[in-house]
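To keep things simple, chains are lettered A, B and C as they appear, and every chain counts its residues starting from 1.
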């Protein structure tokens, strides 16, 4: 299976703060890969680096075998990477429909657009019900559905999800994770950042665990679920130096 | 200075300059400037030139005043000319033929004081105001200061650009009111018959020279005032507000008081200048005080260097020289050039009238390419030696601490008592009925996953956020909903998760601001620099350096470096030093070891432990549980705004609820 | 005319003025909505555009109010004048953004606003120095036609203002709600970072906002000239103050707010001038500005402005 996304010894800095320290990730096409870790571990920075809002100070991020060095965010979206942002970040005073449209911003209108819209409606029937409502008036869980739908409207090959369960009630969390499984089954590769390690490991194929910017654990989800080491990493015990 | 010396040709002048010791260079420079200023009218007896120089001095005074509001305190005042107008009209009305109310016995005591005269007119007796210029100078300053507070008060909670617009509004309303009330101000025609100043019987008349010397004295006084204020507790408080208002408040600066003080003093400068200007002109019209004048003073301080006292004087004088002399001369040369090359419009161009265009160009140019101005306010610092640059992470913490508040380590009862604390942001509940006791002399850690409300807890305790419900007791006194600087005064100091230092101030200045609440020097003290004030300032400086030296050679060699130039870890240390400077009883540390490598983490952990051994109570937000285990006697765990566990570090680590909070519920438990 | 009639007439006048202020305020608020920048230069772009409109009409051979056109000729002349003026204004606005504002994009604080003050000064003084301080007689091909409705007199020029204003506001509304770029503008104003993540070219959106905003100012400028039959270097200040207050009153950053604010300020100006005194209208409007900013900063229709991130 060729790698869809690859981080090769990527370092990032924020001023003089060393955020990501020589991290390596490999996400093969069709996988669900989770990025786990406690607070301030570098998870969000990773997502930003994939989307292009953070530029690595060294190392290389490769997508579809080509380097993303110098590639704009808009171009990355066009090439098939779409984000589901942390805390949703829908456009509050635009309707649900308009938000979905914005997801397809880089694509022309046409039959493909209509297909994708229909697909979103199938996945999220409640979204179709609220099509003309202002996105800011929806509940957290509904917003998450719209946010995922918005990303799907870009017809992505790679979906980057930043903490999809944050702020959601347990019922919604289950729904969201079911939908993620279904999207993956339909062919979309998922790279997901999650605080909720337990649930993430139940749907992931593989996972990486970050601690203060370094990868301290990685492997198949099934293995990681058994080990005590994850707990250590989350509770901030110094496992790596 | 040294760069100027190095570019001078090898003459005896260079040798002469380098022979003057460094600390006397400023004095020599000032003496030379003073001598030049005093001798100028004797060298150039041209009355028009002296008058232009006097005008230039008036604008230098205005620039100094605006520099206090904009440069020191960071409040963009676009309506500064209003205070200029108020001072001008105050003197104008008090000493001219403009306002002549009917005589009554009420005015008798004023006549006795020679402030008014009684004039006999065919229609009846009237009052003629003839307040002395010298008396009016300070009175106009006070009146203007009053209006400074009046106009400044509504702007206190506004952010920068809205503040500017509101001040612009007031700045325009004043001259329009002046224009529309001709009975008092003679409207657009201007006050008539403003009396010239008199000194020991000598009437200033229309000769420019005496006004010039008054101008020199005024500017000299205002320069001295500005320099003294800048280098004092007051100036530091202003600059802290300018750099980061919230952090300033958390460090004990009463924002409202100091913002109003800046407005008042800035306005006072303009008020006095207004009196001077109108006395010289012997009239005042509303057109002299409209928006273009406010902009002109702004251009002067931007050009010269916002925040730099000498810089804004240079800026004002150079732009006035440009306007009064250089442009006219340049126009003359262009005329000659035009005649030479037979270009018609060159022969008729009048650059002096395009001064406002030049101001606009200068403003845009400076903003784009040199925002710090010609003579920037910040100084360059010497490079560090190799020794000073490297630092080894040490263990063991601090063995002795400079004067911290004598805390009674094991006093009965908790030092900090939080009960039923609830904070809501709109619909989101950030903290729900949180209860937390911090016994005196202990280290208590607050942990929890992202978004669990830890920083909100700190914000509620320190007054940055008002709780919707609940009580916070400090040594038995309720402090919930107090203003941040009041919380600091009582003895609670904090650091911030994302480090809020004052970036354009030096490390030493940052730490000295921590002492703000423990020092007494007010504006008057800063001005007069009495022995008590000087002693206080020297002691404060010593203490600050002592606190910096706690961190070995990490901070001390960098005491005069700008905080923004420090590494992340050193900025964290400076922030802690700043908090220590306020002699707190309780120290709230928000993720102090974030971003540090393991060695630095352990060093800081040791230091925190030693702080506790010396009597400081510590409340700590921390993610690294090893650090927590090392330091904390008690750990409180928050999740989604609620306390879910409390106990010793070992117990908490094993607690199922805590693990579940961090790692998330599995599907089976959802 | 009865008192009631005078008042009603002032209401009609106020609505005409208000429509013009609304256009000017709209342009201003478009830029603020995206950049949270108070662009002082906007109002002198308005002033410069009024001169461009004047020269455009003179190019057609129209000067003064003597040469009146009707029918197709009138429509053609007006179309030409509006097209030229709006285009020139838009280009000027974009130039200002690229040259003086884009370099300051990341700088915190009021640096960008201060720069717009400088640019405003430059525009103001360039016109003052080249054209002079005198009031310029505006070429006006509109025939003077009046209708009497009860106590109120309605003029053709007022109908023109309302027609142009309505058409432009409708066009703007359709633009931001139906077109791709318009929706990108709205998205950027609401969450620029998220918009970028959708692939929006935020730089282009900003340029578009400046172009559109300035073009609206250009239209307002031409309307001003045709209504008052004059222009001068100072009109940016006088009309600008009112339009600025209108934008703030309606809710700075809100498009419907600018429209509502414009109408209200127009009414306040005419009724205030009638009921109190013309020389106090500036003070009244400044006072409204100060009061709104201090007590209700979000204005009538706006929502809490996020702090600049």
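In the analysis below, a contact is a pair of C-beta atoms (placed from the backbone, for glycine too) under 8 Å apart; a residue touches a chain by one contact, two chains touch by 3 or more.
It should be emphasised that the depicted structure is a prediction, and the values quoted were computed from it without experimental measurement.
Set against the C-alpha centre of chain C, every other chain centre is closer than that of A.
Set side by side, the interfaces A-C and A-B show unequal numbers of C-beta pairs in contact, with more at A-B. In whole angstrom, the spacing between the mean C-alpha positions of chain B and chain C is 37. Centroid to centroid, with C-alpha atoms defining each point, chain A and chain B lie 45 Å apart. In chain B, no residue reaches two or more other chains under the touch definition.
Residue ranges of chain C in contact with chain A, taken from their complex: 180, 183-184, 186-187, 190-191, 193-201. Contact residues on chain B toward chain A in their complex (touch as defined above): 449-451, 567-568, 591, 594-595, 598, 622-628, 653, 659, 662-667, 670.
Listing the residues of chain C that touch chain B in their complex gives 36-38, 100, 103-104, 107, 109-115, 117-122, 124-126, 128-129, 248, 279-280, 282-283, 286-287, 289-290, 293-294, 297, 307.
Interface residues of chain A facing chain B in the complex, by the touch rule stated above, are 15-18, 38-40, 165-167, 170-171, 173-174, 177, 194-200, 202, 230-231, 234-238, 241. Against chain C, in their complex, chain A makes its touches with residues 51, 53, 73-74, 77-78, 83, 85, 89-94, 98, 101-103, 105-106, 150, 154.
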